[in-house]
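Each structure below is given as C-alpha cells.
The following pair of complexes shares a single chain, chain A, combined with chain B in the former and chain C in the latter.
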Partner chain A sequence: MDKKNIKKSLAGKGVVLKLGFVKYHIKSKLPALTESLSVLYDDYHLSDYIGNSDFIDFHIDIKTDGSFGRLFTRQAQFFLDDFAPFNALPKQHAPAIIEWGMNWCVSSQINTHLIVHAAVIEKNGLAVVMPAPPGSGKSTLTASLIQEGWRLLSDELTLIRLDTFQVTPFPRPVSLKNESIDVINNRYPNVIFGPISSDTTKGNVCHIKPPLLSVKNQDVECPVGWIIFPKYQAGATTEFTKFNKARALMDVAENSFNYSRLGVHGFNVLKNVIDKADCYQFRYSQLDEAIKIFSELEQPL
Partner chain B sequence: MLFRALGKVSYCTWDDMTVIYNLGSGNTYLIEEAPIAMLEYFFCSNDHNLGEGMSISDLSRRLNNEYNEGFLNSILNNFIKMDLLEKIG
Partner chain C sequence: MNFPVPIVILVFSRQLSVSELTEVEWDLLIRQTRKAMLLAKLYYLVLQQISKDKIPNSVWRHLKSAHVHSEKQFNDLLWEIRHLKVVAKNLGSPMILLKGAAYAIAGLSAAKGRVFSDIDILVPFNDIAQTESELMLNGWMSSNLDAYDQRYYRKWMHEIPAMRHIIRGSVIDLHHNILPRTVKSCPDARLLINKSLRLEQYDGISILAPVDRIIHSATHLFYDGELEHGCRDIVDLYELLNEFIQHGETLGSLIERANELGLQKPVYYALRYVKLILKFSVSAEMVNSLNKNTPSGLMIPIMDFLFIRALMPDHVSCNDRWTGLARWLLYIRSHWLRMPLYQLIPHLLRKSYKQLLGKDQH
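For the complex of A and B:
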C-alpha cells in the first residue's frame, strides 16, 4: 500500500498488518501513524480491513483526545478492543505508542509460545537469544548485527514454541533510544529511520526498518544455538564468558512474560532449549569487538 | 525426626547445579550440589508414597553413605524452604 492509501484506510475501516504469525487491525486518524507505517512497514503485508471475514488477532485503535471528548487534540491513547491499558500520551508520541502497544498485545495475550524479553537474531540456521533488562545495549547491538548479515527475528520479544522449542520470528522495527539513535545513524547511514518520538518517558525513541530479508523470512522458524546475556558498559574491556546453564535458565525465566502462566510447559521449554544451547555472559563497550565475537561463535556441541 | 515430601517435581541439572520446578506450586528454584538420587527418591519416584516419612540416617543409608548427615540436613532444610518437604514426628 502506498502512503496515500494507508492514510485513507487508517482513517476509515483500518489496515491489516501481518507480522509473523500475528495479524493486527489498526485504525487511527493521526498523521504521524501514516508516516510511521509507510516508512517502517512498506516491506510487510499491509492490506485494507475487509470486515469480520478477515481473521484478526488484535483490533487496535490509536485515538486522539478529540475522539474521547476534548476540544483540542493534544493526546493519543492506545486501545485494544476499546480497552485502554495505558494512559494517554502526547500525540506526537503516537509512533512509539503503537509500537509499544503492539508488543504489549503479544506479550500479554499470547500463550502458544514462551515469551522472553530478549532480542533474537539468526545466522546459518541457529538463533542467538539475548535476554537483558532495559539499558543493557541489547537493541543497539541487535541493530548493528542485523546490518552485518544476521537475520532479525525480534529485537524485543523472543517467542519459543511449546511443541518444537523453535523460535517463531516476530521481526518488528528495532527500537532505539537517545544516544543509540546517533550511534546507528553514524555507523550505518543507509538504515531507514521512522519518525522520532521526542521526550517520552524513555527519552527520545526512534524505530529503524528491519532488513528486507528478515521481513521476507518472517515465517521461517529456527532452533536456539546460543543464549547470550549482553551488558553494555562504557569503557569496559570485552568479556565473553561461559555461563552456567542452570543459572541461565533462572535468568531467562526471570525475563519471561508468561513463564508462570504456562506452568510446567514453560519449564519444559527452557529445559530443552538451554540443554542444547551454549550460554554466555557478554560485557562490551565497542561494537566492532561485539560484531567480531558474534561472527566467531562456534556451533554448540 | 522424619521428612516427608509434599509433592512432585521436574528438574534439570548442569554442572552440580539443579533447577527444580515444583509441579504443585509452579515455583522454580536453583540449588547447588543436590544429590540426584535424593531428588529422585523424594519427588520423582512413582513407587514412593508421598506421605511416607524418612529419617536422615535412613536417607544416608539409601544414598550408600556417600554424604554426611550435616550436608544432607542442609539440603533437606533447603527443600523445606522450597515447600517441597515437611518435618513430621
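For the complex of A and C:
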C-alpha cells in the first residue's frame, strides 16, 4: 500500500498488519501513524480492513482526545477493542504508543509461548537470546548485529513455543533511545528511521526499519543456541564469560512477562532451552568488538 | 433491542454450534467473549463441541492462552484457600466461602474457566472481629485506612473494608451478610449459615447450600450497580442453575427458599433473564409462585429494557443507543436499593467531594 492509501484506510475502516503470527487491525486519524506504517512497515503485509474475511487477533485504535478542555494539549491513547490499558500521552508520542501497544497485546494476552523481555537474532539456524533490563544497550547491539548479517526475530519480545521450545519470530522495528539513535545513524547511514517520539518517559524514542530478509522470513522458527546477557558500560574492556545455567534460568524467568502465569509449563520450557543453549555474560563498550565476538560464536555441543 | 443477539450469547445458550463458524464469526465471538471475561469458559465449551484440529490455529491461540491464565488463577485460589484453613481452624463457628471460591472447592463446573478475583468469606456477625484479627495474624491487612470509609462499611454495609495480603497480594472481602444492613430485604444471615455445608477435606471450611449459592449469585447481580461483568454473572447463574437441576434438585425448592429468605425479587429477575437471554427452561407458573416482593407488571417492561442491555457484554458490537443510559440507570437503582435517601445523599455528596479533591479512587 502506498502512503496515500494507508492514510485513507487508517482514518476510515483501518488497515490490517500481519506481524509474525499476529494480525492487527489498526485504526487512527493521527498523521504520524501513517508516517510510521509507510516508512517502517513498508515490507510487511499491509492491506485494507474489509471486515468480512479474516480472523483478526487484535483490533486496535489510537484515538486522539479532541474534547474542549484538552484543546491545547491534544493527547493520544491506545485502545484494544475499546479498552485502554494505558493513560493518554501527548500525541507526538503516537509512533511509540503504537509500538508499545502492539507489544502489550502479545505480552498480556498470549500464553501459548513463554514470553521473555529479550532481543533475539539468528544466524545459521540458531538463535541468540539477549535478555536485559532497559539501559543495558540491548537494542543498540541488536540494531548493529542485524546490519551485519544476523536475522532479526524480535527486538523486545522473545516468544518461545511451549511445545517445540523453538523461537517464533515477531520481527518489529528496533526501538532506539537517545544517544543510540546517533550511534546507529552514523555507523549505518543506509538504515531507515521512522518518525521520532521526543521527550517520552524513556527520552527520545525512534524506531528503525528491520532488514527485508528478517521480514520475509517472519514465519521461520528456530531453536535457541545461546543466551547472552549483554551489558553496555562506557569505557569497559570487552568481557565474554560463561554464565552458570541455574542462574541464567532464574534471570531469564525474571525477565519474562508470563513465566509465573505458565506455571510448571514455564519452568519446563526454560529448563529445556537452557539445557541445550550456551549461556554467557557479556560486557562491552566497543560495537566493533561486540560484532566480532558474535561472529565467532561456537555452536553449543 | 436494536442490536442483533450477540454471538457470545448464541454460543453460550447453545443456540449456535461453533462447528459451523466462519473466520469472521470467530473474530467477533472472541472479541465479545474476551470483553465478557468468558474466554476461558469458551475454551471448554468449544472443546465439547469440536475437536482441536477443527479450530483455526489463530483462534486456538486465544482460547488456549485464556485457559492457561485461568488455570493459573485457579491454582492461586487453591493456594490461598490452603492458607485460609489455618484461619478457619482457629474460629469457633463456620467460615463460609462464597461465590467463585465456593464453586472451586465444591468442584462445580461453574468454576471451570471462571475468572476469579477477590475471595469472599461469610462469618456470623458476632465473629467479625475475631475473624478479622485471625486474618491479620495471617498477613491480611485492611487496605483502606480512611476513617469515614471504615465507619461507613462497619456501620451500614454487609462487609468490612477489603483486606489485602501484605506479601501475596490476595484480597479478602469479609462479610456477615449477603446484602447491606440498610437494604429493606436484607435476609437473616443465620438462615444461610445454619444451612451451610462443612467440608471435611478443607479442614472445616464451609460453603453455602446449593440453593443458597444460586440465591446469593442472583442477589449479588441484581442488587449490584456495576454491570460491566453482568454477562459473566448471568452465565454464572445459568451454569449454577443447570448444575442444580442435574444434581436432582428442583426449581420448586429454589422458589421455596427465596420465599423463606424474603429474596423473591432477585430470584425473579434471575429466572426471568436466564430464560430470556440464555433460553433456560422455566415455566411462568414456577416464576409466579414467588409469593411476594416481585416487580409489578408495570415495572417489568422497564426492567427488561434496562437489564437486557446491561447484561450484554460491554462490547461495542453489543450496544445500542440506549445501552449507556441503561447501565447508568441501573447504577443509580443499585444505590437507591442499598440505602434510604437520607443516608444515600450525604454519602454520595461526600464521595463526590473526595473525588473532586482526587483522594478517592472509587
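Following the convention adopted for this analysis, the second predicted complex is superposed on the first by the 292 of 301 C-alpha atoms of A that agree within 3 Å, B and C clash if a C-alpha of one lies under 4 Å from a C-alpha of the other, contacts with A are read in each partner's own complex, and residues count from 1 in each chain.
Simple rule for what comes next: a contact is a pair of C-beta atoms (placed from the backbone, for glycine too) under 8 Å apart; a residue touches a chain by one contact, two chains touch by 3 or more.
From a predicted model like this one, the values you see are computed outputs, not experimental measurements.
The superposition on chain A brings chain B alongside chain C with room for both. Once the two complexes are laid over each other on the shared chain, residue contacts for A:K276 go to neither chain B nor chain C.
By the touch criterion stated above, A:R247 is placed in contact with chain B alone, chain C being left untouched. In the superposition on chain A, contact of A:N52 is made with chain C only, not with chain B.
Look at A:K216: by the touch rule set out above, it reaches neither chain B nor chain C.
Within the superposed three-chain model, A:F267 lies in touch with chain B and out of touch with chain C [touch as defined at top].
When the two structures are aligned on the shared chain, A:F21 is found in touch with chain C, with no touch to chain B.
Taking the C-alpha centre of chain A as the apex, the lines running to the C-alpha centres of chain B and chain C meet at 60 degrees, rounded to a multiple of 10. For the overlaid pair of complexes, the smallest distance between C-alpha atoms of chain B and those of chain C rounds to 7 Å. Where the contact sets of chain A with chain B and with chain C meet, they give residues 260, 263. Contacts from chain A toward chain C in the complex involve residues 21, 23, 51-57, 59, 81-83, 109-112, 260-263, 265.
Those residues of chain B lying in contact with chain A across their complex are 10, 12-15, 17-19, 21, 23, 26, 28, 30. Against chain A, the residues of chain C that register as touching in their complex are 23-24, 26-27, 30-31, 34-35, 56, 58-59, 61-62, 64-66, 68-69, 71-72, 75, 315-316. Across the interface of their complex, chain B is touched by residues 244-247, 249-250, 253, 259-260, 263-264, 267-268, 271, 274-275 of chain A.
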